[in-house]
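In this document, chain identifiers A, B and C correspond to the written order of the chains, with residue numbering beginning at 1 in each.
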Amino acid sequence: MPAYSTNMRLKFPILALVLELITIILYALFVSYDDGKSSGHHGKDNSSAEHSENPVALYPMFQDVHVMIFIGFGFLMTFLKRYGFSSVGVNLLLAAFGLQWGLLLQNVWHLEDGKIKVSIEKMINADFSTATVLISFGAVLGKTSPVQLLIMTLLEITTFCMNEHVAVTMLGASDIGASMTIHAFGAYFGLAVARVLYRPGLQNGHENNGSVYHSDLFAMIGTVYLWMFWPSFNSAIADPGTPQLTAIINTYFSLAACALAAYATSSLVEKKGKLDMVHIQNATLAGGVAVGTCADMSIGPFGAMTIGVTAGIISTLGFKFLSPILESSLGIQDTCGVHNLHGMPGILGGLAGILAALLGKKEEVYPGMQAAALASSIGFALVGGAITGLIMRLQIWGQPSDQNCFDDSIYWEVPEEDEEAAENLTHADHSKNKAEA
Amino acid sequence: MPAYSTNMRLKFPILALVLELITIILYALFVSYDDGKSSGHHGKDNSSAEHSENPVALYPMFQDVHVMIFIGFGFLMTFLKRYGFSSVGVNLLLAAFGLQWGLLLQNVWHLEDGKIKVSIEKMINADFSTATVLISFGAVLGKTSPVQLLIMTLLEITTFCMNEHVAVTMLGASDIGASMTIHAFGAYFGLAVARVLYRPGLQNGHENNGSVYHSDLFAMIGTVYLWMFWPSFNSAIADPGTPQLTAIINTYFSLAACALAAYATSSLVEKKGKLDMVHIQNATLAGGVAVGTCADMSIGPFGAMTIGVTAGIISTLGFKFLSPILESSLGIQDTCGVHNLHGMPGILGGLAGILAALLGKKEEVYPGMQAAALASSIGFALVGGAITGLIMRLQIWGQPSDQNCFDDSIYWEVPEEDEEAAENLTHADHSKNKAEA
Amino acid sequence: MPAYSTNMRLKFPILALVLELITIILYALFVSYDDGKSSGHHGKDNSSAEHSENPVALYPMFQDVHVMIFIGFGFLMTFLKRYGFSSVGVNLLLAAFGLQWGLLLQNVWHLEDGKIKVSIEKMINADFSTATVLISFGAVLGKTSPVQLLIMTLLEITTFCMNEHVAVTMLGASDIGASMTIHAFGAYFGLAVARVLYRPGLQNGHENNGSVYHSDLFAMIGTVYLWMFWPSFNSAIADPGTPQLTAIINTYFSLAACALAAYATSSLVEKKGKLDMVHIQNATLAGGVAVGTCADMSIGPFGAMTIGVTAGIISTLGFKFLSPILESSLGIQDTCGVHNLHGMPGILGGLAGILAALLGKKEEVYPGMQAAALASSIGFALVGGAITGLIMRLQIWGQPSDQNCFDDSIYWEVPEEDEEAAENLTHADHSKNKAEA
């Protein structure tokens, strides 16, 4: 532990402050306010009077996305019994840094008068870029230090911006709800990192890698907020008018149908037909992921519901059957099961987009470009994640020992009584660990 | 327990999937997107440029209502010490199915080109229809299986849509915040179901029919969200402009005044003048229910506050004095006290609407029609609830035994340590139950 | 305890009901609905078509502020292990009364046709006025009775309205996010009250003046909501268009930068480099406070970030080093550390405003007037707080004994099992207290 302490004492605050200072300098050089003269990302369809007249028209949408990022992702990960401080706290840290970094990198490709002019839409996109990091955070949750995670944030957002530039700007793919560029990307990036950081010592589980009753309820706060506001995620930057309405409606129905499918499948596959909180917390959301790419396409409410049901079933089956295999056979330890919530449903979303393009559900969208964007997203994710994992594995970043995984108390002052109570509850295990250490 | 397990293992998932598949087929046949050509529910007063120009103008209101349905109702019911998974989880399940079903049945009366064209306003109404089910869920909370509750959802929303058609479309009553058609209806429907499902074995209480400290705090999340967003509930589908603003203002002040009255009354009636969490969690909201019918009428802020104070007092007194009598004398076991939060305040709202009509507070609103709508709502609720209760009572739906009431662990995988801890805490009671069984 | 009980039994409900009845009578005389003919607070720059056409255009902003007041402040204070009911419950009570009282007093200076015509903007300002009380509540949290707090609400909002009139209307200072008039004012008012109510008996701490693991997670709900919606707080009543957009962007970046600084500083100053939940829950928000005064000025995103970083560092250092000194040397017992979150960052905001005025970052804003407004805010706060503290100290208001501080169970019915459990956990301390009593 002394080794770690020294690291935390100096490396974490220095890294955080240096990153922030560099960011402020870059902002001083390159970032100013939107002056209403911007042509906008979606210039081709900016006929709507709304967006140009009122620069804060998108603000309610932005706040919904903001809630998803900070409450949704943050609390979804509080399901672990002794890792709630890190889940919601480090989530806030990474997203707060990520949005500053993301806004820079996303817009450095098209400066106006040498400046990035911040608008609500750019803020939404900045929030989006952090989602990739929070998804990957789920894969490595409990097994990485804040220093490692800040480095991952820096590298993953950089990779994300490169892939987004390739997939959306260069290939011209349509991915309004970002099934491919955020969800599949974030999942496979995180899984690649997790693979590189594989811990044989955890293959028989860890006493703290599980929930208690109230931690599962905290996690449901995250789940329900993600579920409710996903229509905002998928429609926030859609073209105003009918496309935005379509994205809202498709996501609303996909999620509703997905919820039924997740509950049914969870009961089907569990012994005695009981529901599993892990499935309900996650698989109910897969419909939001999977309908993302074609959210603004006229696939019809029943098309959206079909995608939702499929995603709910696949996701639940993934938690039950695939995750254990990935861990035992491939050495991929995926704490939150992001492969099941973001990985497979993200691919499903990409495939649905290809199909919708084939069926002509949106103009100027081509199946080949959609497929290329899907491949690009997974490719950037796997390569970028592997490289990032190798960098994160360096000794100097203070990765926690197996024994200290899933435990807030190495990074946080934890209330004393609890520590005692927890110690009593798991006395045998603690003794064992101490003996091993 | 084996009997139940078999049921859950097959009946629940099959029922959920069959309902979802039927719904998808009906949506494929009948549901498409709003194309902006709709005349709208409130055709007479659609002069506002807003709604026609921007199809997502109502979206922030929708999201407020959405939060009330999924966070508000869901967490309000987590006050029970061992039933939080079911409260927030089954709330999500029922509302997710209910909104799909409600959107179909509410709009089947007036198809356009043979289709239901989904708009944000229709999504709001669909969410509203699920509120009736969630209110009734509160009456039978802890005593019914998910299978029974899915059946209740199906039947209650169907009954609700019939009554809404009678009360609003045929009688022309004004009920913008739905004191009568949602709150009184949902409460009396639930109470009728609870009466039919009366459990003599629970008349001396149940060890798990109570709260613990943190479960009461989770419930306050629900309370506060309902309290904050109730102005959106009562104004979401009001006519744009002044009526919508009036509905917001009236509900804001009614709730503020109601809160003071609920706190004062709670302290007055409790021994030693202490506050009771049950009152605070519920009676503070009665002002939102009671001001619903006349929310968009010019009753004046002080009129709204008077309604709020009255509702807060009545609701608190109901929890303290009436609920025990209803249980002991009439065999109505109302877990959440929905009679006090939705039943009596709903009737108060209906009566206030009659009075407001008499005083000419809104044009084209007539006291007789208001009274008829109130009677219709209660009549449909009691008859529909009784029939639904009889159907729910059938053995095949796997109703839990008295002993298993108020306990997540028969439907959910519950973290092991907690089960042990809970067992230790209540060891004596558990032993007693086992002896009885 | 009997003495208190008698008080609670009669004084609290009578006071609450009398205050509410007086309020209703005043509303009957003076308050009506906005009829769209109002000239508005910000008449000079009301050229935007938006606000005049749609009277509910500001409603989403209002709801964000509403969430900050009731969820944000309410849950932020639930960090205490046995005081969660009071934190979120009394927060609701005070804010519900405060908004009614604030709306009256804020607008009594400029009646229209003898009436206050309620609009969404006036509702936002009413919510704002309650924020001062909730900040002061944080300073005296756990040490005051509901009766005392209702009196504080009455007097503090009255003082706030006087200072607001002086600082904004008379001096013409610009304080769009209210760093001076709400945050510094609320903090120093509360600190003055806390000083007058100084309890020597608590100078060695109190067993219940601390958190447990899950109470810290509940508090993070408050923190994250405040953090997310602070841009709405600082921009809600800004002039439409560019000033409002500027306020949103500045606050967004100030908070993001502040979060990094708070995390880094917390780790730097804690032994072993661990993070402290108290810092994270509070100091991450200091950037929102400090950027308030100049939120709508063109200070540039990097200017906002610089303010945020400074605030995050100052606030964290205040918790670590200054608060213990204030308590030991000046007898100021500041339960939540409002001096660190609202006091110093509020002053920083005022100073930043003076500097921005010097640099000409907003038209018609003058350094001297800004400085006078800052002095006025602190002056009114200290004098008003001291007088209010003297009134609150009167025996008749039932102030709790030292022993009963930080304990819900003297004002609330607390679930029995918990009381036992808590008693067991802290058995030794309880015995000691009883011996002392």
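Odds and ends about this structure:
By definition in this document, contacts are C-beta pairs under 8 Å (C-beta built on N, C-alpha and C of every residue); 3 or more make two chains touch, one makes a residue touch a chain.
Computed from a predicted model, the values in this text were never measured in an experiment.
Subunit B is reached from subunit A by a rotation of 120°, derived from superposing Cα atoms (nearest 5). At the interface between subunit A and subunit C, under half of the residue numbers involved are used by both copies, so each side presents largely different positions. One simple way to say how far apart two chains are is to compare their mean CA positions; for subunit A and subunit C this gives 33 Å. Residue positions 60, 214, 221 of subunit C are each in touch with at least two other chains.
The residues of subunit C lying in touch with subunit A in their complex are 49-50, 60-61, 64, 81, 210-214, 216-217, 220-221, 224-225, 227-229, 232, 235, 240-242, 244-246, 248-249, 252-253, 255-257, 259-261, 263-265, 267-268, 270, 272-277, 280, 284, 298, 300-302, 305-306, 309, 425-426. Residues 5-10, 12-14, 16-17, 19-20, 23-25, 27-28, 31-36, 53-56, 59-60, 63, 66-67, 70-71, 74-75, 78, 82, 84-85, 88-89, 92-93, 96-97, 99-100, 118-120, 123, 146, 214, 218, 221, 410-415, 417-418, 421 of subunit C touch subunit B in their complex.
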